[in-house]
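Per-chain residue numbering starts at 1, and chain names A, B, C, D, E and F are given in the order in which the chains are listed.
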Amino acid sequence: MDSLIKLWLSTGLANFELGQIVMMLVGWGLLYLAIARNFEPLLLLPMGFGAILTNIPIAGFSEVGGLLHYIYYAGIDTGIFPLIIFMGVGAMTDFGALIANPKTLLLGAAAQFGIFATLFGAIALNYVPGIEFTLKDASAIAIIGGADGPTAIFLASKLAPELLGAIAVAAYSYMALVPIIQPPIMRALTTEEERKIEMKQLRPVTKIEKIIFPLGVLMMTIFFLPSATPLVGMFCLGNLMRESGVVDRLSTTAQNELINITTIFLGLGVGSKLSAEAFLNVETLGILGLGAVAFSIGTASGVLMAKTMNKLSKDPINPLIGAAGVSAVPMAARVANKVGLEANPHNFLLMHAMGPNVAGVLGSAVAAGILLALVGS
Amino acid sequence: MMDNMQQQFIEAGTLMLAGMVFVFAFLGVLIVFINTVLAKLSVKFPDPIVVPHSRPNKKSKSTTNGDISPAVVAAISGAVKRYRSQHGQDK
Amino acid sequence: MDSLIKLWLSTGLANFELGQIVMMLVGWGLLYLAIARNFEPLLLLPMGFGAILTNIPIAGFSEVGGLLHYIYYAGIDTGIFPLIIFMGVGAMTDFGALIANPKTLLLGAAAQFGIFATLFGAIALNYVPGIEFTLKDASAIAIIGGADGPTAIFLASKLAPELLGAIAVAAYSYMALVPIIQPPIMRALTTEEERKIEMKQLRPVTKIEKIIFPLGVLMMTIFFLPSATPLVGMFCLGNLMRESGVVDRLSTTAQNELINITTIFLGLGVGSKLSAEAFLNVETLGILGLGAVAFSIGTASGVLMAKTMNKLSKDPINPLIGAAGVSAVPMAARVANKVGLEANPHNFLLMHAMGPNVAGVLGSAVAAGILLALVGS
Amino acid sequence: MMDNMQQQFIEAGTLMLAGMVFVFAFLGVLIVFINTVLAKLSVKFPDPIVVPHSRPNKKSKSTTNGDISPAVVAAISGAVKRYRSQHGQDK
Amino acid sequence: MDSLIKLWLSTGLANFELGQIVMMLVGWGLLYLAIARNFEPLLLLPMGFGAILTNIPIAGFSEVGGLLHYIYYAGIDTGIFPLIIFMGVGAMTDFGALIANPKTLLLGAAAQFGIFATLFGAIALNYVPGIEFTLKDASAIAIIGGADGPTAIFLASKLAPELLGAIAVAAYSYMALVPIIQPPIMRALTTEEERKIEMKQLRPVTKIEKIIFPLGVLMMTIFFLPSATPLVGMFCLGNLMRESGVVDRLSTTAQNELINITTIFLGLGVGSKLSAEAFLNVETLGILGLGAVAFSIGTASGVLMAKTMNKLSKDPINPLIGAAGVSAVPMAARVANKVGLEANPHNFLLMHAMGPNVAGVLGSAVAAGILLALVGS
Amino acid sequence: MMDNMQQQFIEAGTLMLAGMVFVFAFLGVLIVFINTVLAKLSVKFPDPIVVPHSRPNKKSKSTTNGDISPAVVAAISGAVKRYRSQHGQDK
């Protein structure tokens, strides 16, 4: 009898708190988005699962001795997991399109306005009662506009760990929503004629350029923005392993098993931050709202920049590729290609959009470095 | 408290300005870097001219297991062609 | 001369203790079983090797600063390694046969009687002078009857770390001995007629069922037995990665490189617990004896349950598949198939036995959760 | 000491009882879950009917390296068949 | 304005110290050697990159909280990374040629004279003002003569962590230079006639011999030199996984993903020791000089030993294979083969040189164990 | 200080001597081990005689993905031969 009471008291049913139930539903929602809607499943599936696990009463997944506790403090609090992911992404990235058409770097720069405008917006939200974002919080939220998951997680873990869960949810959700968010903005800001513009074929890029490029980026970051070197450095290491051609076995592992293993644990660890106290508040609503604004502003800035450049440049530039400047590689580039094809079925923008797309990755890593340098200490 | 907000807005505005200037400057210098350094390098060290199908051969080196030599690949391609023509199948 | 004496004093020969020699022989024995007899070599080979390393005089493998010390405390004391393995096993498990014939869950339940009967037996062994098992010790020993390696290691690391080595040795040895232990029991408890019974072909199972199944199992565990959620949760995560079809690269890595890496270190770490003090005592003999009893009782319970169900069910059930309820996937299912073929050469029981086989995995994870809940705190 | 043993036996017996009841209850509820929820789901969301050989195609997506397209596989199978018939070899 | 000053003060340009600039150039040099000259790129590329990262002003890669700090203390200070690499190397090593011609073990032994002579030389360098090597330092430096990267890193991390960077640079650089350093020495010490000697074909080696060999080596190390068991033990574990044939999936992972992942982090971690204080001093010059001496003496000893054995043995022995005794697998064996072919185009020495080559790996692991035993405590 | 140096030289010399003796002794015993124990074992447990092409088959077991059965390999080899003879191509 005693034993039965003890068994009952050790059930989840006897110990559930309302917040845990709600957060578990959030976890289920993330799993639904990942599996049924194919929303960035590589991260949202383990993240949704982690959200469920961390909210199980009694089990103590995120307390000392629990699995998620170890994962979070070893891999995310230290910044190690996002940096390993970034190395793998670097090893998967081909900068050829960017080197062939370097002007597209300006598109990647313009799209970062989404970040800094959101920073302003986050501070403005402090007028809302119940919301009190510090400048650090606002910076961590703003980086959602960078449309780059590891960058957002890395910055949030440094500047506002208590908001990490909400920021990661927003960042990955909106990245998955890129094909829905971007097209209306792109169509609204461009004319039919502009969308029909065909671009000149890209010149071939030599091996030596691809090898020196990550090294040049690294040197510039060292000179001008050391606070961005963790992110940019690991990204460039991965890219150098890829392009140098002398360490193919390391590059292959960085792109496959290492990034896969890290992704599983990163997702679980981020999910462990989705506790009721940290997530169920008006601030989360603010973050979700700001995220949508950030993506929209970033998209619009990229498109408007491309329109301007098209007017000034001798070679035609299709303004649609400006939207790819938000990064969200390679989805945003595909969206640009798709919207372009609607206007002109012979217009293949994919390769042209890859330039601003990878420029956007660099751009948001640089923006993260600026925020770390100015707000971080 | 309103003072505080104003203070924060000023900080946020400065951040926005400094940030965008810096991002454009940084990526702008990178354009210069590509147009000068990389452009010169690509002229000085052009890629060796290679027979087209030697590329995939080199790539396959990186996979540690299950390599298939180009000769076998060629033979398979040949087999595919013959198979298709014999069976009139296209996909 | 001084140097030579120092060199001599630093040799193993000058420092061996009897216990270390005996334990090294145990390590050699495990290597022999793994290599020459193919006894669960994936774990017994690194484990035997770890046993040898940990007993090297002077070398200090398991002391602060030693390799096995780090491995043990980082991966086994925390429970991380068995949980990663369990995730990988989940990603390798196909629940199709179980979903197609859910009644076989009862067979997986019945076979767990091997666990609880052994718990009783372990307490009874306290009559033997020199043996003093607490209820925690008895629970950790009893789980050997679950025939599931990672579950046994996980539970032992929580309830009775000082018995971990002996428990792991017993669990894996008897799992390897399943083809020898089970058939006589199966034959003794069934008639020739029963062994000849052919079962109805299984219905096809849809993708949605396979996706929802691990989620349902997880929810039930959360509601009724949170203490089992580390094991069951990671198992279900692996299975969900497999069946969802949206994270194939994560699933592939979990089934291959990640589980392989973890297995090497898990084996070494478990082997490091095979020290003379911990292993060379009458308690180890008790554990080895109880392990054999546990497997036998589990097998018998499964077969008897299947006999009963065959009498009550409208669809015929071959009692042999009940033996597969002890888990030991997929060996026990193969044994059921083999004994069935002996009686009736047209009787292929393999798929039918996979149902109780994977049910046994769930069953022993649930049993482990109960023991943790009632005895653990 | 004997008292202690008796006490332990009672505890062990209770554990055995509670444990087996719980295990059966838990897996029993799971049977109900499969027979109701999953059964309904399988009716509501049946698997799409697929041409048999498109399955392996989809599976092969998950392997990151060394993919072989179904056309090549078909061609190889054809080559195997012809090779066998030409050489009269069976293994 | 304030913000701009803050931004400027956070740039690398405003914070560079001379030493950091020089060390960054060293890092660039290592990258150049790795990529353009193909000098041991698997380690020198991540190591050069790590050297650049650790010398970035402000970024703090190697301070508490920095990525390289975690990597170094988790993987190199503990000795874990070199040991995992050694396990992988063991899994890649085929001892067949050595077992078929066991006399070649003497060549592997002779080449270790490079280590002990260098130890003497390192002590002699104490006459140079500014250099003050303790016996521990000298031992760590001497191991460069072993021509085995993981062994050198392991020993240096135990005996002289502050010299680790310079020792690793020297070890890997000279290993890459083997094709340039060795041939002149080999030609100088042998006659044309000797270089033309053709050797008897090797006998086939059975599976059982290959399985028992690593176990025998392990037992001998346990008996006579426990301090070498971390290195030799992990090496033998890898080799046993390979040859036993029962754990192929573990062996494959140890040879591929696990060693690749570890190599990336080992390189980064070793690079993090290339700080100005630790590297820019006259001791580093001494180490680089001693490294060249060590390789040369080791090569010469191996060749002279082979000459002697050729005179005493009934089967002819080509003295060139003695040079392979320094290890540097498989480069040194290839060099022996190449120099042999120059003298006699029908003389294929590669397989014969693999015997002393792998013997050299064992030899330097044994030498490392001796140094640990006599100098370490 | 010179005393100290002398002391260090003596230590280094002793190390050199002890080290080389030990290395030779250790690897020497290993020679004996190979010539006795392993030699006997190889006689007592000779490798089973296998048909040559079953070897690669067994090796390929260890690669988890992308296995190709020997029959297919044979067929491909045949295809290669025919392809070469038809096309008169050698590389």
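Rule of thumb we're sticking to: a contact is a pair of C-beta atoms (placed from the backbone, for glycine too) under 8 Å apart; a residue touches a chain by one contact, two chains touch by 3 or more.
Please read these numbers as outputs of a predicted model, since none were measured by experiment.
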Item to check | Contact-graph distance - origin chain B, target chain C | outcome: 2
Checklist entry - What chain is the most remote from chain B, judged by the mean position of CA atoms in each chain? => result C
Item to check | Euclidean distance of C-alpha centroids - chain D vs chain E, Å | outcome: 47
Checklist outcome for this item: Here the gap between chain A and chain C, centre to centre from mean Cα coordinates and rounded to Å, is 41
Checklist outcome for this item: Expressed in whole Å, how far the mean CA point of chain C lies from that of chain F is 35
Checklist entry - Among the residues of chain A, which are close enough to touch at least two other chains? => result 3, 7, 224-225, 249, 252, 256-257, 370, 374
Checklist outcome for this item: Flagged in chain B as touching 2+ other chains are 15, 18, 22, 63-66, 76, 79
Checklist entry - Any idea which chain C residues touch chain A in the complex? => result 78-80, 83, 87, 211, 215, 218, 222-227, 229-230, 233-234, 237, 240-241, 244, 246-247, 249-250, 252-254, 257-258, 370, 373-374
Checklist outcome for this item: Listed in rising order, chain F residues that touch chain C in their complex are 14-15, 18, 22, 64
Checklist outcome for this item: chain F partner, complex, touching residues on chain C are 2-4, 7, 256
Next on the checklist: Which residues of chain E touch chain A once you look at their complex with the stated criterion?
Outcome noted: 3, 6-7, 10-13, 15, 24, 31, 34-35, 38, 41-42, 45-46, 49, 52-53, 56-59, 61, 65-67, 70, 256-257, 260-261, 263-264
Checklist outcome for this item: Touching chain A in the complex, chain B uses residues 5, 8-9, 11-13, 15-16, 18-20, 22-24, 26-31, 33-35, 37-38, 41-42, 44-47, 58, 61-64
